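Next come two complexes, and both contain subunit A; in the first it sits with subunit B, in the second with subunit C.
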Partner chain A sequence: MKQFSIGWSLIRIYTIIVYVFLFAPIVVVIVLAFNPKQFGIFPMEGVSFRWFIKLAQNEAIIDAFKNSLVLGTLTALLSTAIGILAAMAFIRFEFPGKNTLNTLLLSPIMIPEVVLGVALLLFLRFLQQPKSFALLLIGHVVLTLPYVLLIVQARLVGIKTEYEEAAKSLGANAFQTFKEITLPLLLPAILAGALFSFTISFDDITATLFWATAQNQTVPVKIFSMLRLSISPEINALGAVMIVLTVTTPLLAGYLSRKFSKVKT
Partner chain B sequence: MRPKSWKPWALLAPSMSAVFLLLVIPLCFVVVYSFWLRAPSGADIPAFQFGNYAKFFEDFFYPKILIRTIRISFETVILCVFMGYIPAYFFYRSESRYKKAFLLLIMLPFWVSFIIRTMSWINIMGDSGLINHFLLKIGLIQSPISMLYNEFTVLMGLIMYLLPFMVLNIYVSLEGIDKSLLEAARCMGCTEWQAFREVTLPLSLPGVSAGCLLVFVLTAGTYLPPMILGGPGNEMIANLIFKRIVGTLDWPFGSAISVILLSLLFVIVWTYNRYLGINQIFKSLQGN
Partner chain C sequence: MATDEKQPIVQFKGILKRFGNVVAVEKMDFDIEEGSLVTLLGPSGCGKTTLLRMVAGLEEPTEGDIFIKGIRINDTPIHKRNLGMIFQNYALFPHKTIFDNVAFGLKYRDVSKEEVNKKVTRALEMVRLPGVENRMPSQLSGGQQQRIAMARAIVIEPDVLLMDEPLSALDENLREEMRREVDNLQQMLGVTTIFVTHDQREALSMSDKILVMKDGKKQQEGKPETVYNEPANHFVADFLGHSNFILGEVVDVDDHHVTVKIETGDILFAENKGGFSKSDQVEMIVRAQRFDAFPKDEFKPVEGMNHFQGRIKDRSYMGGEVSYFIELGTDREIHVISMMRTRIYDIGEEVSVQVSPHHCHLILIE
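And now, the complex of A and B:
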């Protein structure tokens, strides 16, 4: 009934306009990546893959991609591992100061990345250590840990303790219970958390710009330094590759995990 | 079950040590450094003096940037509420089977790098960008109009980045409303609009305010849109920090500006938490 009223149509049109606004920049990057001409943006003069080929031949960009992939993967592994442990503590145990500590672990979300960038860099300077890949890694773990914690905690709340207690009463020890009961039930959240931290790390620019060096450039940092000259089809092509990578990975993983869980049951 | 008190602490040890070592202690260093002196040679001298703060407030140059940051953050918050509420309401009421796909789409920008979304506005609003190309083609203008590098484009970049956060916050709080309340209001003779105004809107306000806080905090701490889409007059406080730390390597002054930004946000977050509670914000980020 309401679906046909004038008000509802206006809401729908408004929503579509907001979507156009949100997606226009993303779509335009992908379209322009195929623009064959060197200067200017529009009009397009046909479709060509020359900028993708040029990217594939650019060693600095290939290196940046390797760095980003390694960094994202290690960040995801580390912060998921740490996050699962912390989530277990917060959901399965009672202890003094629980709420305060939980807020402390989630606080990086509310602290500006600029300040995080400055703080970690300053600390490193005090310790008289040079910027390195390790700095990027620990920085990204701090950035992504709150998201992993939120996602895993939300799922863990929904897993009844009865299952774990049943396993224990049948003689399983704490580690066996976790491995056989909790971990499999938690798997979707772990996967989601790991993927989310991978993309946050892979995409991050604000704090990374403080931590990266010429040897440890990530793809967003590379895009930033290329932008200093002006926007070019080459940047759009690099952007398009990144978009395809960071958008299809979670969609594919979601699809696979659904398929996988269907096979199992 | 007998509580074994050491167990949660063992589980928390890695995350707590990470946060203490990589967040709490470094933040203390920022505060300490903000009192240090900078020698003309560029070296940092340990000291306890308020010179860096005095420098910030000695004339109007820096406070003006601080006030601009607050103004732009408020503008972004208001624009995000107006642009975000209706789509969130649409998801809430929609009975379409594509509802899930629509919701997934609104999260999609989260997966696209901030720098790509920001720089792409040049593709759209640049001199040979999409809008100019279109206007030239239909003959409305004779030569391209320059639209970039002003506060408007900075706001475009900011909204593009922050709107999904606002939509999600509002949507989560709308989803939490008991639909039977709406039915009750309709049964009592309310029109659709009255039911919205009296029931849905007030009950969704926690989500709106949580979204506002998150958007404000994230806007006030960002430097990318002003850097890429703004002109010289559109710098925000984070740009200042970036310039001092990465550009001129003036660590003490850069730290002092960071402390000023952090205190501003702390006051806002603390006040918010005091009256409204901060947990609502984390609720909306769980579903991602």
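And now, the complex of A and C:
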């Protein structure tokens, strides 16, 4: 719009304001992470990596970081594996109770996380089992499965059954057909689903607060407990690291998948 | 009906397919001779695709047996049936190169690497697309993709080639070309082919035998000429070509002709092919192309021919021929497709229409 128009100007200003509100806090966190002062306030007095160094020396946080990475990776692996199988069943086969089951699997999206967190704990109590890493993993799989399922199902609907029928008619059995045809065609969705699960697991705090033990603290839980004591600039540094990580991972994965997938269907 | 005594390669015996309460294919017996091209023809939803998919193993018959080469294959899984299948939307694997697409079926058959290369190259030459091995399917046009699909199906030397409306996604001109190509390829390889289509022209031009279906029921099977010239019932006559249907009653039968009195009171003759007797209620079927139209004042009636007087009510010019709707004396009208031997008649013009009894086909009304 070259023409002068109040409407367009207003829309432009409005858009800018929305973006400022969205991103200003994030920018502040990152910028303050480089503030050498003890208190995270402006104006800054120079640039320093002091808090990053201190962060790297904080064993508890490093442990939490490792926990989060392991948990996120395992969650992504399990969720995608289960999600692919479930999606295949829901889209490619007919069986009684299909819709009910599908809704049940998707329900964790709609149920408040607090409820989910408490529910799983109560269930554990009922089974008379202690809190453990396995519990955390199961919980995160439950949380992330709906996303994987939705993404993979949507893609699977778009893959015409003719491809699979053609492969079978040419002599491939059911497993070979899945390996040679369905799985490669699903790959973009699988990657996206895995990334989603990883990020959700890595980010989750509400439900994780209920499930985490002292040994199995994740980064968000750690940050939360640190905040209860004081607002240390270390947290800004940690926040900066997490932001960089959670933003670059999907971007990198997207770039890689585009680079390696020669075809678009 | 079958003159040549070839062993049937595919046999349907009492085949019936039900989806829930819907009968998709009614109890059916049908044989397909080795090396022939058989078309399953009918409107959509007539069960032709279901029949094909049962041969392929993509659907299970509810009742009855299917035999290939004399062996019952009901329980043979699809990947062990050795069939080549060609789909309407080509179904080339989009993530594989043309080479990998064509070589796909060979992976599951004991074929050495050099053999695979040779066979793929030969198959691509056969469909006249050599040298595209390294391209991706998306880089080819629709017609080319369908040829690759054919190459992929024939490279495994299937017992039967199954084609499910393979040409209907192509545009008109390309379809004609591909039709001839499929026909040539089929004859060259001598592979038994089952071809599903709703396009009568495809069916008539390519088939050794046509099976006309409607609502899951077999309407007629036979050579294209037979099905076209001697339709077994109203549906077949109506589905194939442009037909005129005239109701009447047989009033006389002699050695050569059946004499029919039609609704208007006119008397028409039909060639006596047997099976009719006096006072039978019949329907006379006359192809629109079999009529000849003459200007009224130039017309000299020929002895033994059927003729009408009429007035051109409507016409449409179709390039090579003209399609007329001619109003007869009463409120009847007939459809005439004329090859324009003389000139185009004007709307409202009086014409005389003539048709030989040879082209008047009678069917009984039950």
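Note that the second predicted complex is superposed on the first by the 252 of 265 C-alpha atoms of A that agree within 3 Å, B and C clash if a C-alpha of one lies under 4 Å from a C-alpha of the other, contacts with A are read in each partner's own complex, and residues count from 1 in each chain.
FYI, a residue touches a chain if its C-beta (ideal position, glycine included) is under 8 Å from a C-beta of that chain, and two chains touch if they have at least 3 such contacts.
These numbers come from a predicted model, not from an experiment.
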item: Of subunit C and subunit B, partner touching more subunit A residues; value: B
item: Which superposed partner A:Ile91 touches (first subunit B, second subunit C, both, neither); value: neither
item: Partner chain in contact with A:Ala119 - subunit B first, subunit C second, else both or neither; value: first
item: Partner chain in contact with A:Leu77 - subunit B first, subunit C second, else both or neither; value: neither
item: Contacts of A:Leu69 with subunit B and subunit C, given as first, second, both or neither; value: neither
item: Touching partner for A:Ile181 - first (subunit B), second (subunit C), both, neither; value: second
item: Overlap of the subunit B and subunit C footprints on subunit A, listed as residue numbers; value: none
item: Subunit B residues within the subunit A interface of the complex; value: 3, 5, 7-9, 11-12, 14-16, 18-19, 22-27, 29-30, 33, 83-84, 86-87, 89-90, 93, 95, 105-106, 108-117, 119-124, 126, 128-130, 132-133, 159-160, 163-164, 192-193, 214, 217-218, 220-224, 228, 238, 241-242, 245-246, 251, 254-255, 258, 261-262, 265, 269, 278, 281-282, 285-288
item: Residues on subunit A engaged by subunit B in the complex (per definition of touch); value: 2-3, 5, 7-8, 11-12, 14-15, 18-19, 21-26, 28-29, 32, 40-43, 81-83, 85-86, 88-90, 92-95, 101, 103-123, 125-126, 138-139, 141-142, 145, 147, 149-151, 153-154, 192, 196, 199, 202-206, 209-210, 219-220, 223-224, 227, 231, 235-236, 239, 242-243, 246-247, 250
item: Contacting residues of subunit A [partner subunit C, same complex]; value: 160, 162-163, 165-173, 176, 180-181, 184-185, 261-265
item: Subunit C residues within the subunit A interface of the complex; value: 56-58, 77-85, 87, 89, 91, 93-95, 104-105, 107-109, 136, 138, 152-153, 156, 162
